[in-house]
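Per-chain residue numbering starts at 1, and chain names A, B, C and D are given in the order in which the chains are listed.
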Amino acid sequence: MSETPVSGGPVSDAFLADLAAASHILAAQGVVDAFGHISQRHPDDPNRYFMSQSMAPALVTPDDIIEYSLDSEPCNANGRNSFLERFIHGEIFKARPDIISIVHSHSPSVIPFGLVDEKMKAMFHNAAFLAAGVPVFDISEKFGATDMLVCDGDKGIAFAESLGEKDIALMRAHGSVACGDTLQSAVFHAVYTEVNARIQHWTMALAGDRSVAALSEEEGLLADVPNQGACIRAWGLWRQRVREDVNW
Amino acid sequence: MSETPVSGGPVSDAFLADLAAASHILAAQGVVDAFGHISQRHPDDPNRYFMSQSMAPALVTPDDIIEYSLDSEPCNANGRNSFLERFIHGEIFKARPDIISIVHSHSPSVIPFGLVDEKMKAMFHNAAFLAAGVPVFDISEKFGATDMLVCDGDKGIAFAESLGEKDIALMRAHGSVACGDTLQSAVFHAVYTEVNARIQHWTMALAGDRSVAALSEEEGLLADVPNQGACIRAWGLWRQRVREDVNW
Amino acid sequence: MSETPVSGGPVSDAFLADLAAASHILAAQGVVDAFGHISQRHPDDPNRYFMSQSMAPALVTPDDIIEYSLDSEPCNANGRNSFLERFIHGEIFKARPDIISIVHSHSPSVIPFGLVDEKMKAMFHNAAFLAAGVPVFDISEKFGATDMLVCDGDKGIAFAESLGEKDIALMRAHGSVACGDTLQSAVFHAVYTEVNARIQHWTMALAGDRSVAALSEEEGLLADVPNQGACIRAWGLWRQRVREDVNW
Amino acid sequence: MSETPVSGGPVSDAFLADLAAASHILAAQGVVDAFGHISQRHPDDPNRYFMSQSMAPALVTPDDIIEYSLDSEPCNANGRNSFLERFIHGEIFKARPDIISIVHSHSPSVIPFGLVDEKMKAMFHNAAFLAAGVPVFDISEKFGATDMLVCDGDKGIAFAESLGEKDIALMRAHGSVACGDTLQSAVFHAVYTEVNARIQHWTMALAGDRSVAALSEEEGLLADVPNQGACIRAWGLWRQRVREDVNW
């Protein structure tokens, strides 16, 4: 274990509360169950990020947030356990300076698209970011038979390579990772990936051998512009519901 | 921007409360999530309509309702933002004097029928109005690659043309619009379009290559008569649930 | 309108409370939405039955219960409206002395089996009563194009003929009717017909062209014996939930 | 009826509270409805086990727990009724000393895999234990037409033989049984069998004739190791929710 990394500096109570609330939102929206996690890059130091200790997302409070280096070493663990798969977050933050927040989940409707040779596509404008393509990471290609977890830096790097320049990638027989250039955008991407997957299942069943008029790549780029505002509106609704529940 | 249009005159508190409650009902019934909107024509001036400011439907209160001209210019914005897609409402109200209320949603079970060449049909009597046929509007046919939104008068006109004399039309890779000759009827149509879509998905899966004994057009017309009363009963139940929740 | 029929005599408060609670249970279990109704034969007079006035099941209280003759004429309407389709109940009570309680619903998963030439079968022991066979009533066979409602005595008689000696029958493009020799049994049959339909949809999808090892008719008869006790246990759970909610 | 067996000795209040809470958890997670049961082996006497009296799982309290011999004779019935199918538990506890807790349910998404010749497989790492294979017990093979219940020792023995060395087995046209080497593990297995079944249904529908990249048997063994910790985390979340509800 390397030396404890130094903090990137204090962050506001509101920052920590929003990050903790994001965990509750993902649970309320059916994206995470007892598992899954969301991280956010340090607002003042791009080489640090925040994520809760290893626990069920629906129980996270601001006091559970830990700061990490991009090697996913905790700055302030204080006896708290870290998620085994924090390397997903650290390695994406290294490889993709544009990404500010990352959600990892086992969102159930999405899993089939990582098991079958059928690509996720954007079924409607709120999921426009999917029109850029949805890569699938199969951990066995590089690492053989494993416990499926992205539980060290090498696996994190390999996953980040699969992700490439997208904001979403699936993990075979495991789950998916949704990213965003804000906390709100990462949550929005995670939620609408699951919603889109549900819609796509019914669409594929209905289509049979017929074609599906999904968003084109160009439509996806255009529709993603108003989604910036849509994302703020959705966050406002979801954040208020958490506040009603937990009082922070 | 043209001059601010004058109001069609004051409306009752009950009118505004019912319109705000309709947003909550649509959210509770799973027709809208953070997005979607419902409008109602001014009871005294057919050239004006009401709709909430741009916000999540589940949070709308009577104070959020804005009055619009049929060109979708706000009469009393007072700094409140308007929905980008209000032109759906204004242009339908222009083209269809019989329509009093309009719901736009991304109701998830309905979306596949806008992506695949398979028409929605009436699976049961409560959705009888679907037996008249359900047109699909593909914005790309007239406007090429866009952000998919009906965000100006021209697109609103094109959508209203697709709607024609029906009370429902789908929008490819986007959502749908349900109309009614009362507020209650528009809500009823929106809810039972979603319910019918869920039933039709299972019916198509069960049928495979076999035929589906959906309502005939004649049965649809006949079954729509008792639905006028059914609609009032459903509204009564849903409105009471909102009242228990928000106290107006 | 014939003369007001005389009452079969007073019933206990507990009788009326249980019948009202059954409406709430059916709503809570997803069998009914704003529509559907449950009736119970008079405990002292087989020629009378009880059913709520025309209203949403989730709002029914004991004070909403009306007594009817088997011609479905109200004994004590006192200005309250009757369900249009009460003739379903009256005509079954006439034709089937063994039946004590009847549920009519538009239970959504069941509707596809009335639209496609594919019979419902018993997917598991709790739905054993389905193994006897599930007839489908198509109102158009005898009455041509209608509003689909069983809204008079002739249609009620025709439906009761379709039902025959079964405890369940579907109505094409409309819904279904589940019966029982007790109030609890009718509710149990209605709930498990919907549960079974959901399971059968997934089973048919999984099976494709392969066979489905549903309960045989003999297994159905045998499994229905312990279901008498199961039905009481389920009722106990559901009835307690209503009591927690409405305090009667 | 043989003589009343003697108790294996007193257990702690916490032991009984956790076992009762497990029933509530299974109900909250949609694994059981009014039916199904969970047992736990006596911590000090491997020849005794505990299970609630015959009642709906969501209503169980610590006072409802009965102690049984492995012949499924109650030690302390005190007038309370036993589940008809307690022999499932007793005979597995006899045959499999490694098993500490057993869940029997009619978990709905799982039932189709007992009706069709299509094996359940592990769709993701949280359901890794399924990768070892999921046997199906058809009671009719040995016992002919029955009421489908495992209601005596002989049927319990036959079921335990079908289970073999697995922790899960399905029962044709009935339900399934999930086992674990702790209470928490049995609950985890039961919950993720149902979750996995939902995912597998959509995966099979999406795949059509194409292959499904489920967990290999080796991946299943490896992924099951971190699931020991995952199981504790899930239990922590679910147990807290019960405590908020019932105060024990």
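Assume contacts are C-beta pairs under 8 Å (C-beta built on N, C-alpha and C of every residue); 3 or more make two chains touch, one makes a residue touch a chain.
Note that the structure is a prediction, hence the values are computed from the model and not measured.
Chemist: Using the touch definition from the top, what's the fewest steps needed to get from subunit A to subunit C?
Modeler: Each step joins two touching chains, and the minimum needed here is 2.
Chemist: Are the interface residues of subunit B and subunit C largely the same numbers on each copy, more than half shared, or largely different?
Modeler: Here the answer is different, because the shared fraction of interface numbers falls below one half.
Chemist: In steps of 5 degrees, what rotation angle do you get fitting subunit A onto subunit D on the CA atoms?
Modeler: The best-fit rotation has an angle of 90 degrees.
Chemist: Per the centroid of Cα atoms for each chain, what is the distance between subunit C and subunit D, given in Å?
Modeler: 33
Chemist: Where the centres are mean C-alpha positions, what is the separation of subunit B from subunit D, in Å?
Modeler: Here subunit B and subunit D have centroids separated by 46 Å.
Chemist: Got the subunit A residues that touch at least 2 other chains?
Modeler: 205
Chemist: Hey, which chains are touching each other here?
Modeler: Result of the pairwise touch check is A-B, A-D, B-C, C-D.
Chemist: Please output the residues of subunit B touching subunit A within their complex, sorted ascending.
Modeler: 33-35, 54-56, 58-59, 84, 106, 108-109, 111-118, 138, 140, 145-149, 172-175, 201, 204-205
Chemist: Which part of subunit D faces subunit A closely enough to touch in the complex?
Modeler: 122-126, 128, 195, 198-199, 202-203, 205-207, 210-216, 218-219, 222-223, 225-226, 230, 233-234, 236-238, 240
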